[in-house]
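Residue numbering begins at 1 within each chain, and the chains themselves are lettered A, B, C, D and E in the order written.
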Amino acid sequence: MTLLTVRDLAVEFRSGVRAVDGLDLDLDAGQVLGVVGESGSGKSVTSLAVLGLLRDARVSGEIRFDGRELTALDQRSLRRLRGDRIAMIFQDPLSCLNPYYSVAFQIAEAYRAHHRAGRKQAQRIAVRMLERVGIPEPERRAKAYPHEFSGGMRQRVMIAMALCLEPDLLIADEPTTALDVTVQAQILQLLRELREEAGTAIMLITHDMGVVAGLADQVAVMHQGRAVERGPVRDVFHRPQQAYTRGLLACVPRIDGPLPDRLPTLGAAE
Amino acid sequence: MSLLEVRNLVKRFPVRHGLTRRLAGHVTAVDGVCLVVRPGETLGLVGESGCGKSTVAKLITRLERPTSGSIQFAGRDLAELDAAALRPVRRDLQMVFQDPFSSLNPRHTVRQILAGPYRYQGLEPDQPAEELLGRVGLRPEHADRHPHEFSGGQAQRIGIARALALRPKLVVCDEPVSALDVSVQAQILNLLKDLQDEYGLSYLFIAHDLGAVRQISSRIAVMYLGSIVETADRDTLFAHPAHPYTHALLSAVPLPDPDLEASRGRIVLHGDLPSPLDPPSGCGFRTRCPKADELCAAERPQLRTIAPGQQVACHYPERTP
Amino acid sequence: MILYLLRRLAVTTAILLVVCAATFAIFYLMPADPAQGACGKACSPERIAEIRTTLGLNHSPLVQFRDYLAGIVSGRTYGSGAQAVNCPFPCLGFSFQTDQPVWQLLTGRLPVSFSIAIGAAVLWLAVGVGAGVVSALRRGSLWDRAAMTAALGGVSLPIYFTALVLQYLLVVQFELLPYPQAVPFTADPVGWAQSMVMPWITLAMLYAGIYARVTRGEMLESLGQNYVRTARAKGLPEITVVRRHALRPALMPIVTIFGMDLGALLGGALITESVFGLPGVGKLAADAIASADQPVILGVTLFAAAFVVLANLLVDLVYAVLDPRVRALG
Amino acid sequence: MTVLSQVTVLRRLLAQRSAALALAVVAGLVLVAVAAPLITWIAGSSPTAFHGDAVDPALGGLPRGAAGGISTRHWLGVEPVNGRDVLARVVYGAQVSLLIAVLATALSVVLGTALGLVAGFFGGWVDTAIGRTMDLLLSFPSLIFMIALISAAPGVDRRLLLVVVLGFFGWPYVGRIVRGQAMVLARGEFVAAARVLGASRRALLLREVLPNLTGPVLVVATMSIPGYIATEAGLSFLGVGVQAPTPSWGQMIATAVPWYAADPAYFLIPGAFLFVTVLAFNVLGDAVRDALDPRSKRR
Amino acid sequence: TGGGAGATVTGAAAVKGGTLHVLSTLDLEHLDPARNYVTSSQDVSRLVYRTLTTFAAAPGQAGGKIVPDLATDTGRPSDGAKTWTFTLKQGVKFEDGRPITSKDVKYGVERTFAAELPEGPPYARTWLAGGESYKGPYKDPAGLASIETPDSSTVVFHLNRPVADFGSAASLPMFAPVPQDKDTGVNYDSRPFSSGPYKIDSFEPKKQLTLVRNTSWDPATDTVRKGLPDKVVIDLGLDAAVVDQRLIAGQGEDANAVALEPIGPASVGRVLNDPQLKSRLVTGDSINTRYLSINTKHKPLDDVRVRQAIAYALDKDALRTTRGGPIAGDLATSLLPPSLGYQAEDPYPSKDGKGDPDRAKALLAEAGRASGLTLTLDAPASTAGKAQAEAVQASLGRAGITVKINEISTSAFYSTVGNTSQEHDLVIAGWSPDWPGASTYLPIVFDGRLITGQGNNNYSQYDSPAVDAQIDRIAAMGDPAAAQAAYGQLAQQIMQDAPVVPFLWDKAPILVGPNVAGAYGHIAYVGRLDLVSLGLRK
């Protein structure tokens, strides 16, 4: 069943930049859609457009979520949807957490925005969520502030916050880019588990082909605001149809396989 | 015969905290590092964020003064020299930085930037800016522009041109491609390789991206919590990592191949890099190591040779098959 | 923490000591000889010499400075014998003009300065911060532009100009208010408020302008933070997003400047008090300077400086309480 | 960090209508100040000549005629009591007020930049010493202090004294900003790059760091000029301004204070000039800051 | 307008009771009788304490008459006016009800010798026998032998020289009684013990002085003070413009208020244009003369022709305008004002007092100064001081004399110009005698032998042996009328040398609230209202 359908999405900023330009995407419930592309290809803008969080921009096209057209919704209904049915985690977990509040408060806050719950109850749920994302000693750590956490733990907090409402869709915008490989592996493992346990669909935005290969079912390759290639992950990786996709795959130095003397580059020299 | 030989390099920083700016202790950012770079080779230095890679680079280029240890370069101990004595040495020892924009003075034109090396060394420029630009694949008319008029890749080329102006023997590259987009990374890696071939340069190439390190290095050193845990030839390291950390690191790198990813066995380490403010006793890696035991807590393993061209600092290295 | 406070207090004392020494040094530049001033129109050189002895002006500057400092810490006795005058701790000397203890003069003036400063602060915080927040939320709107133009106008209006125009309009022309007078709040709250309205507005015009601009800037900054985006993505109501996630961080720098401004004002709003003729610490300073009443000038300068440095200290402590990043490490 | 070229900055500056207007006002004022002799020559007046016939001694020297004695002879009226031409005094006052403000700004910028740069760049005890000095000066009740200092120094040219005193108490504001910037810049990789190339400390300071401070320094300079104009006026108001019969706006307002009810024009005219000038500089300061800030997008 | 003529305001007469408000721009410098030496404080202190003699409570020249106060008469001279005897009235009491004795008077005079209380008049110290060596009652509790108190109501002063007007001097606050057990030294200033109709309820310097009725005061013993209001509240340190505005409005409590100081120039137009306000303006005569002092010791001012040129050049009318125009007084033609009973020709006449630059230029040319000269004027840095300085500058400028203004902060002004080494060429000054008459004026200001390095009052540093001889001659005269005439001639003699250029004989235009009665300017308090006669209409 299709959870999210994006058709001919275009985002134009007031400055005249068309960050997204005719994008089509499809994501089924419980599936992982990897969205890859170079910097500036419009990945983040797309995710924000889905949540209706873009300001100063003209959004056109269709964004259909669970049968509802999001572009037609008013702010109120969108707000109800946010967090509750569509959750989001971002690239830089430190700057995404408010330094003035404890992590449990920030998780509980998300819960209380959509459920009638007392402070105490919400706090308990926050602790449970922290435990679930693998924070050791969750009772004690709940009172801590974001700066007292390492990068990986902060991203776990973000994930806990996103998942406390058991959303249908999790949009993860570069969730591991700021992290070291060993920590990245932990977070990817966590996402994998969550998807299996809760059946949450994930829109995974990244520029790392490896991350997509390890987690996604479907993949969309973005270039200059549109999806130049879409399909099941195996097809796209093993039989890329577009030269752009092939270039993207080839220009990344790998730790396995043959070692080329010179790396192939994407397009002409800049 | 080595160009650069670093022995037991240590750097401690005082750390002050909070409102009171009280001395909270010392961070041992670099804790007894030993490295050798031979003429014409590239030594790759990898490790996680905060493990001390940049500090090593700054110590070698003497942007920081070491707490202890020696840095033998071209027959002299750089650790001992003062600013005036260092100046002539710097002609042979240059550096390329991570952020291509912040490493170029935004107020200077490219021409001024490229004249800097000669000016600061008190030399007459022997290569005009246009020539230097040509070497790194930029056009002569770029000379009169300011850095902000370039893309990240182009700016990094300018940084490389500047480092090469004095025809150095060793170039320390601190994450020169980390800030760049994937497609541009490849171009810079190719350029560095071409220049090495052309001028017989040696590189100390610092990165956290194992793929990039593999692409450019002939030998690789793996760093963890301020120390080198393993050094090996490139192929040996990727084929037979001996230190559990190297092993975990390699297994954590996602491969851009869905089938391989699905089938591969993963070692997922627990926890994060310990704080260098309060390092664990004994082996620095023991808090995350699946093999750790009492010995690891009690005694710090020394770097020892376990195979030709492979040294490791571990009580229980992986066996070479 | 205790240690920190002690160290800060030591630094504070050092600052005050330097302020004190500098002010003292100025006295030796001053053309007005207090002895001659006191001597009046019927004066002989012998009499001047006598007065110098009584006022302790015959000692070297260094000795006078030492005696002065000693007086602050432990009180001191002027003169000797039957006429000895005891000046208890904290002794800032006696006014040459009125012979009153400077400390008593200062504390007597405080209620007026406090009334002015605190009332004005409430007003400008409410108006300035409020307008700044609304402007930031409606960036580019008509409101924003109008508010920011008004703020710029407020910032550009010299205080004495505002004060006199207000007085002309409200008192002379339309007779809405009486001339400001020092009415104690306890004696007549209405009269007190009536007298304070103009000083409040005068100061608030300036500071509200400054605060509106700072608040707007800080709000725009914090509204652009990623955690505000996170808060929205959680589906929080916009009002909560603004209040909890944008305003609170934006208030931190405002706390800093507020502490400094309030500290400076509590030490006397020189121009405002002078224009409206309100006997606060600032007016005391102006009068003391005009009459070369050196002990009073010295006292006021120290007093005002003390308010500023104490406000600084307080701001730092408040910061430590409000900002978990500082608090944890403190 | 991107840096905009001078041309871009100027273009961005002029693109703001308010800024262009403010720039025009400032330019106009400078012109008026410079051309003061010419203007008074055309208007046929002098800033010091008494016109006893323009005032009515029987009424305490109130100007004859409406609105402070505005007439074809005296375009902005005359001062009460002595009948001096207000226009002439306002334009000469512009000269004095602007000169003092600009020179005080220059002094505080030079001091502030030099000390802030050294403090921020070298850090350590140098920074501690300079930083503490700045803290100290900032916690001085400077207005009281300035008045005491100025009234204590007789016989010195007040204009010079004002410049020195204002500049002296003003430099920490510049110093603080420069210090902060210099601290960031000193950690910048381009400074490290110059070090690796063997640059001396002098070269690092002057060639690498200093040019990057022009933006912030320009902003504080533009912002502090109105502050100094207002402070000079305030000091004149409190009786320690330039000496009679030299006109400055503050001193004009100060003498007009007792007359604010009897002859409002006398009070309002220099006040309006002062207000417009300070406003124009403030607008300009804002605009320069916005124009120099690469992040700021035009609304 | 003659002194006090326009003073009686029409309407109901004053009744007893109510609260009188006095609005003052000044601070009362010193209320301690030993230190009280400025006219504003003396005007106020007359409500609080009584002296041996005092001025009559009357407008115009009549106010200059000395009348008995605590004493039964104005003093009985003997020994060729070297011994003066006063007898205290019966029934005079302090505020606590104890009788006032001759000891209290003696102690009060002795206090003026104390260095701690320095500001008072010098007369006791210079005139009383043995005064040079006496250090005051704090250092010298034995007391001064030359003041005798044979019984509790008789006090005898033994002088070291004949003083014809000692009876006038006895009107100074220093001749007020001070009970020794109430003396608090320097702190006595804030609460002098009352012998008059009012006692001090509270006093906050620079803020407010509140006086309430002294029930021990017996009106039967006092022919001068009326003591009508129950309470007198004096607001201090107000802004001059605010005082004017408040009295112009005259609303609320301000209806019961009077100003202590004359209205400012800025209010003159408003008041004179409004008949209602004009009727509330009281213009009192004053014995103050304002003049421009010319430093005769400086070149080329040592040349009498240059000084005369300045006398011709000065635009007295412009100077008067800075003080409010004609209402502020009459242009001075001589050193001694008509209010002291003198009339004299102006030796340096000009049309309407606007100066005669041509005569001045001619005199300068004669003195070989045709090319002009540059002089420095010392002026106090007050609004009025600056305005006057600019007027001097402008008017002398017409004769080719360039004047540079040296602003001196008001507090330092007199000590600076009183320092002969710091004084410049010109000083704007003036003099009020301590009591009507020339004896505390010409001998102090123009006696060349009294020039001192510091604390000098002779700002022109005028040193003429002929004048000094005249001064001595007049001082020895026993007949006051002859002395007065002689002073008149002496003044003309001095004018010929032009050491000073008199420009204004002050008048004090003072506003009173609509409900205040009995207001007139008192000549001895330089035209300020005689506070003891004020009362409220209802």
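As a working rule, a contact is a pair of C-beta atoms (placed from the backbone, for glycine too) under 8 Å apart; a residue touches a chain by one contact, two chains touch by 3 or more.
This one's a predicted model, so the numbers in the text were calculated from it and none came from an experiment.
Counting only chains that touch, the fewest steps needed to get from chain D to chain E is 1. A comparison of C-alpha centroids places C closest to the centre of the full protein.
Put simply, the chain farthest from chain B by mean CA position is E. Looking at A-B alongside A-C, one finds more C-beta pairs in contact between the chains of A-B.
Set against the C-alpha centre of chain A, every other chain centre is closer than that of E.
Note on chain placement: the centre of chain A and the centre of chain D lie 53 Å apart, centres being C-alpha means. Separation between the centroids of chain B and chain E, computed from CA atoms only, is 90 Å.
Residues of chain C found to touch two or more other chains are 30-31, 172, 289-290, 292, 328. Chain contacts: chain D has residues 151, 154, 239, 257, 260-261 touching two or more partner chains. The touching residues of chain D, counted against chain C in their complex, run 132, 135-136, 138-141, 143-145, 147-149, 151-154, 226, 230, 233-234, 237-239, 250, 253, 257, 260-261, 264, 267, 271, 274-275, 278-279, 282-283, 286, 299.
Chain contact summary for the complex, chain C toward chain D: residues 11, 15, 18-19, 22-23, 26-27, 29-31, 139-140, 152-153, 155-161, 164-165, 167-168, 172, 264, 267-268, 270-271, 274, 285-286, 289-290, 292, 297, 300-301, 304-305, 308-309, 312. The touching residues of chain C, when paired with chain E in their complex, are 30-33, 36-45, 47-48, 50-51, 53-54, 79, 81-83, 85, 94-95, 97-100, 108, 171-172, 175, 178-179, 181-182, 275, 277, 279, 283-284, 287, 289-293.
Residue ranges on chain D touching chain B, taken from their complex, read 1-5, 188-190, 192-200, 203, 208, 211-212, 214. The residues of chain E lying in touch with chain D in their complex are 240-241, 245, 264-270, 272-273, 315, 317-318, 320-322, 324-327, 354, 381-383, 386-387, 389-391, 393-395, 405-409, 412, 416.
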